[in-house]
Amino acid sequence: MTVLPYPVAGWIFLIGVYGLVTSRNLIHAVGCLAVTQSSTYVLLLAVGYRDGGTAPVFADAPTDSRVVDPVVQALALTDIVVGATVTALLLALVVQLRKRHGTVDPDALSELKG
Amino acid sequence: MSTSDGWLAAALVPLLALVPVLWRIAYGSPKDRLIGQNLTSLLAGLALLLAARGFHRTSYNDVALVVSVLGPTGTLIYARFLDVLPDSRLVRWTALVGVPATVLPLCVATGPGRAMVKLLLIGAMLIAGSVVTSASGGKGGVTA
Amino acid sequence: MTDALIVVALLLVAGAATAAVLNRDPVRQALVLSFLGLSLALLFTFLQAPDVALSQLAVGSAVTPLMILLTVRKVRRRPGSDDGADKPAGRGR
Amino acid sequence: MSARARLWIFLVGAAGFAVLFAAACIDLPAFGTVPHPYGVRAVRAALSHHTSNVIASVNFDLRAFDTLGEETILFSAVLGTVVLLRQARDEHRKDPEPAVVHPRVRRFALLTLACALLVGLYVIAHGQISPGGGFQGGVVAATALHLLYIAADYRALERVRPLTLYEIGEAAGEAAYVITGLAAVLAGSAFLANVLPFGTLAALSSGGTVPVLNAAVGLEVTSGIVVLLARFLDQAVEIEEPGEDDGGPWDSGDSGGNGDEQRERA
Amino acid sequence: MDTARLLPLVVAVPLLGAAVLVATGRRLPRLVSDIVGCAFAAATAALALLVLFRAGHPGPGTYPVEWVGGWRRVGIVLVGDPLGAGLAALVSLLVVTVLVYSWRYFEEPPRRHTGSFPALILVFQAGMCGFALTGDLFNAFVFFELMGVVAYALTGFRVEEPKPLQGALAFGVVNSLGGYATLLGITLLYARTGELGFAQIGRRLDADGPDGLVLAAFVLVTTGLLVKAAAVPFHFWLPDAHAVAPTPVCMLLSGVMVELGVYGVARVYWTVFSGPGGLSHPDVTRALLVLGVLTTLLGAAMCWRQRHLKRLLAFSTVAHTGLFLIGVAVLTPEGISGTALYVLGHAGVKAALFACVGVLLDRYATVDEHELFARARELPEVGVLFAVGGLALSGLPPFASGLGKAAAEEAAGHTAGWLPALYVLVSAVTGGAVLRAGLRIFAGVGRRPGKEEGGPETTGEEEPETGGRLGRIPVPLLAVPAALLAASLALGVIPAVASAVGRAGALFTDTGGYRRTVLDGHAAAAPAHLPPHWQLTGILLGLLSAALAIALATLAVRRPVHTGAAALFAPVRRLQSGHIGDYVAWLVAGAALLTVLTVPGIR
């Protein structure tokens, strides 16, 4: 079977961080943070997958079927909520920042130095 | 659980079709991007329906159900903000041909019952969503 | 066959993530992010995690892009006009 | 630090990260092969409590404490956003402009609104049986409400959205979760223990406290997301900054929206 | 009721309070919502103290363990070991004082959001207590994020000003990124062991030898925690956030939240990675020691160069976190107990100092050392408190910070002979910086600082946080710092505290005992330990660093210009650029550095 999911997760993390480092717009940076976070979902679910397994939801499957790991799925759910809320909060900060600084370019923010 | 490779292979078709759509969304004109957004939810809905059948899990259809309501919602939101709602024959025909070509065989395979009603509902929502958000008329925007 | 689906979905996700980072205009990025959300939802379904797929769908393809668009609209709003967000900022590549 | 120096520092760090992560991947068990002891125990535990959706069981029963934390994160993020996006002392509100929507779009949006609300409620209600649950359904339902903004305009949305009610709903959802947990303590059991009868597998009322907690989360998420989006909408549509009417001070300095354009010029 | 049953309530009670405040907050008058907030915080503190005091019963080696929901080995476990429970108690008590302090603080709460500030503080309390008590890795991540989310919102609370927003944003981005790194590490551990509890993961890891995966997991998990702990080079967010947050929030951020990051590193190491399947002691010691020394030196140097008082205190927090990290890095029970006591004392002192600065900010609308020159002569009470705080910060006996410093430096001295000198130097410099500011502001000693000093830097012009400028100082604003300093003094002289902390450190580092207590329900035999106590060398070193601090402060106000030194520090200061991209780049580089430092750990 493939080993692809792991390097893909690593790639998503790094490309997201690259976006954060080079971003010229804070809204874009927040988007990049969301991208970075998707690496954790991919890794979590890849770790919990089992060949030939099915979702551990027994409404329409016999209770003795081979299933994938339910725990990582629960963790990924939590993780998604965390991601959405952090995005919301950071965007709210960006909105206010734009009002008070007049810019959303991180290069132009220079109130806090040294 | 065993899977049906035929259905899964069929699911590959809309999935692969998403590749050029991604290109369009990333690098197209605003109009192209909106068409791409519209196509994405349509193709994803179809892929999900086929995959659910391939995995023998009717409960996976719920994902397609949510796509069928949130997809057009997303398109309309973008249309409102970008102020374009492009007329796209591509979307229209993909919906009018692709959805029945997918849903009807699925219905036959499923047989009558609650699952079939759900399938038909999802198909109807997908078609309605795509057609309304891609039809000609108006001034090209959400607002009249 | 499941493996083939997983591989294609993974590549889509990787491509969408890369595109989301390289599209530096937030409005464009919002669109790519909702594509990323959908492709993640597909991947999760193929990985037998429909619960997570639903969550990702709801958050990634609707709420997050909507918040980004609203932020852009607020940020770009010019005095006296209300449509700053509607002007595509960069030329198409 | 110059952009170039920053990039170099990142690249060095990224190279280190890549090596580290690759080393980890080599030692990872091959994709899709190894069952996890915790996962196996969780499936057994869920079935012992007659919850057919094991993920819901992990979320609302086995690891309900995690979900309490997760819902609190949402709760405090909404609270934080409300505080951060409050109307500042020097800002004023203006009435949103009415919009005329194409009738076809309007009809469709209203139809979708109804469908999406139903789908949201369906997803919440079946959380313990089939994929879905309070969070997923709550987000769908809350998003659905905002179709009214598309179908008509912001004023229409405001009319059906008494924000105070939603704020109370959010707090009530959070409180209901905690109180359910405390009730178990009062009943002489552990915090968040599943003290209700479990019902039959795959029935709507199965799983003991799972549907209760699920409903609490559904209430909280729906209200919370509505409040959250309302704050962003208020900012985008209603709240005016000082000077926004008479030539804002940052007209020329607005590099914000568009980093690319600046770089192209440079 | 069984003591263990109380553990989850320490998290649940403040959450209930927050929900009540939000639901009713619009209608309640300010006074009522403040009282409700204080009541819930105090109830939580009482619970935490109850757990702490009953922890040693029936045997000295036992402590309460609670599986939430009654799911033994399947659910989440909360562990009330003396150190964790003690931290929860410290957090709760500090929250109570902060709520009292802010009683008269925000003169005008945001319109229609009366209850939101106390509600956020209560959630913050729940998050920190949960983090201190949990025995589950993913649950720790959830509480880590909860603390973070609340802290970002609280930092940016004053939206009318630009600086808090920028600080909060940098804080949010860097901390979230650290959190995601931690989550990647958790996932790797789960992939290897299929478990999430600290004890279970540790046992499973010990079944095989360490390899690349274990190393990567350690580095990634630790990265997130070190971001929270503000270790170099993950520290950049801290001064930016702590300098601009509302003063009551600063008291919590500097007093306990940052220290919880260090606690997390120690907890994860001792429960998960310290066995034969984890990483070897010398490698971990090397990695943490290098980061700790860098952190403390940089923090002290930057602290000395600040004129913005809150920023000065924030950098002194960086310096002290470095010292805490060194205390953890030596990996001995004595290091842990000394550091624990140091954290206790430091929390009281640092919070008191921030509280004093808050008074200045509200009265003079600035926290700039130069602008405030001699202006606060009219506030002798505050001046005394500030000076006492500065002396306590420098480790003057018999404050708890002094005893903790003495115990930690002795433990560190066993690992490397020069470490005690570092403790003395850093305490003297940070304490000296505070005293220097105090001498200038409250006594007007020395020459008025000229405009020409300093280059591009953050000055201290700030908006006051109260409605109007304060005329008479309200009682809580003075009583709170006085009480905090008194508590810090008391903790240093009561022998029972020191012996309890000694036992806590011994139990904390007893990996086998922890795993047995959590998983098998056996009471661990109380390991032998030597509690921190006053020794002659410790007292002398404490007096030495206090004397050095006074000398440095006096020298600085008498002869204020050091152009050479300023030029020397200029490149270091420029690193603190306020640019989010820089901070993120440093974070990634820091993870790589941590890898390089730990890498001989796998053979």
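We call the chains A, B, C, D and E, going by the order they appear; numbering starts again at 1 in every chain.
Note that in this section contacts are C-beta pairs under 8 Å (C-beta built on N, C-alpha and C of every residue); 3 or more make two chains touch, one makes a residue touch a chain.
A quick note: this is a predicted structure, and the numbers were derived from the prediction, not measured.
Novice: Work out which chains are contact partners of both chain A and chain D.
Specialist: Chains that touch both chain A and chain D, as defined above, are B, C, E.
Novice: From the centre of chain E, which other chain's Cα mean sits the farthest off?
Specialist: Of all chains, B has its centre farthest from that of chain E.
Novice: Take the average of all CA coordinates in chain B, do the same for chain E, and state the distance between these two points in whole angstrom.
Specialist: Distance between chain centres, rounded to whole Å: 51 Å.
Novice: Using mean CA coordinates as chain centres, what's the chain B-chain C distance in Å?
Specialist: Roughly 16 Å separates the two chain centres.
Novice: Taking the mean of the C-alpha atoms as each chain's centre, how many Å separate chain D from chain E?
Specialist: Their C-alpha centroids are separated by 30 Å.
Novice: Chain C: which residues touch two or more other chains?
Specialist: Correct list: 22, 24-26, 30, 48, 50-51, 53-55, 57-59, 62-63, 66-67, 71-75.
Novice: Got the chain E residues that touch at least 2 other chains?
Specialist: In chain E, residues 138, 142, 145, 149, 152-153, 156, 159-160, 188, 190-191, 194, 196, 574, 577, 579, 581, 584-585, 588 touch at least two other chains, as defined above.
Novice: Quick check: what residues of chain A touch more than one other chain, meaning two or more?
Specialist: Each of 1-2, 4-5, 13, 17-18, 21-26, 28, 30, 39, 46-49, 53-55, 57, 59-60, 67-69, 71-73, 75, 77-78, 81-82, 84-86, 88-89, 91, 93-96, 98, 104, 107 in chain A touches at least two other chains.
Novice: Which chains are in touch, pair by pair?
Specialist: Contact pairs between chains: A-B, A-C, A-D, A-E, B-C, B-D, C-D, D-E.
Novice: With touch defined as at the start, can you tell me which chain A residues reach chain E in the complex?
Specialist: For chain A paired with chain E, touching residues are 9, 13, 17, 20-23, 26, 29-30, 33, 36-37, 39-40, 43-44, 47, 69, 71-72, 75, 78-79, 82, 85-86, 89-90, 93-94, 96-97, 100-101, 106-107, 109-114.
Novice: Can you tell me which positions in chain C touch chain D when the two form their complex?
Specialist: Interface residues on the chain C side: 24-26, 50-51, 53-55, 57-59, 62-63, 66-67, 70-80, 82, 84, 89-90.
Novice: Which residues of chain D touch chain B in the complex?
Specialist: Against chain B, chain D makes touches at 99-105, 108-109, 111-112, 115-116, 119, 123, 130-132, 136, 140, 143-144, 146-147, 149-150.
Novice: Report the residues of chain C in contact with chain A in the complex, numbered from low to high.
Specialist: Per the stated touch rule, the residues are 3, 6-7, 10-11, 13-14, 17-18, 20-22, 24-26, 29-30, 33, 36, 40, 43-44, 47-52, 55-56, 59-60, 63-64, 67-68, 71-72, 74-75.
Novice: So in the complex, which bits of chain E are touching chain D?
Specialist: Residues in contact with chain D: 5, 8-9, 11-12, 15-16, 18-20, 22-23, 26, 66-71, 73-76, 110-113, 116-117, 119-120, 123, 126-127, 130, 138-139, 142-143, 145-146, 149-150, 152-154, 156-157, 159-160, 188, 190-192, 194-196, 200, 211-213, 215-217, 219-220, 574-575, 577, 579, 581-582, 584-593, 595-596.
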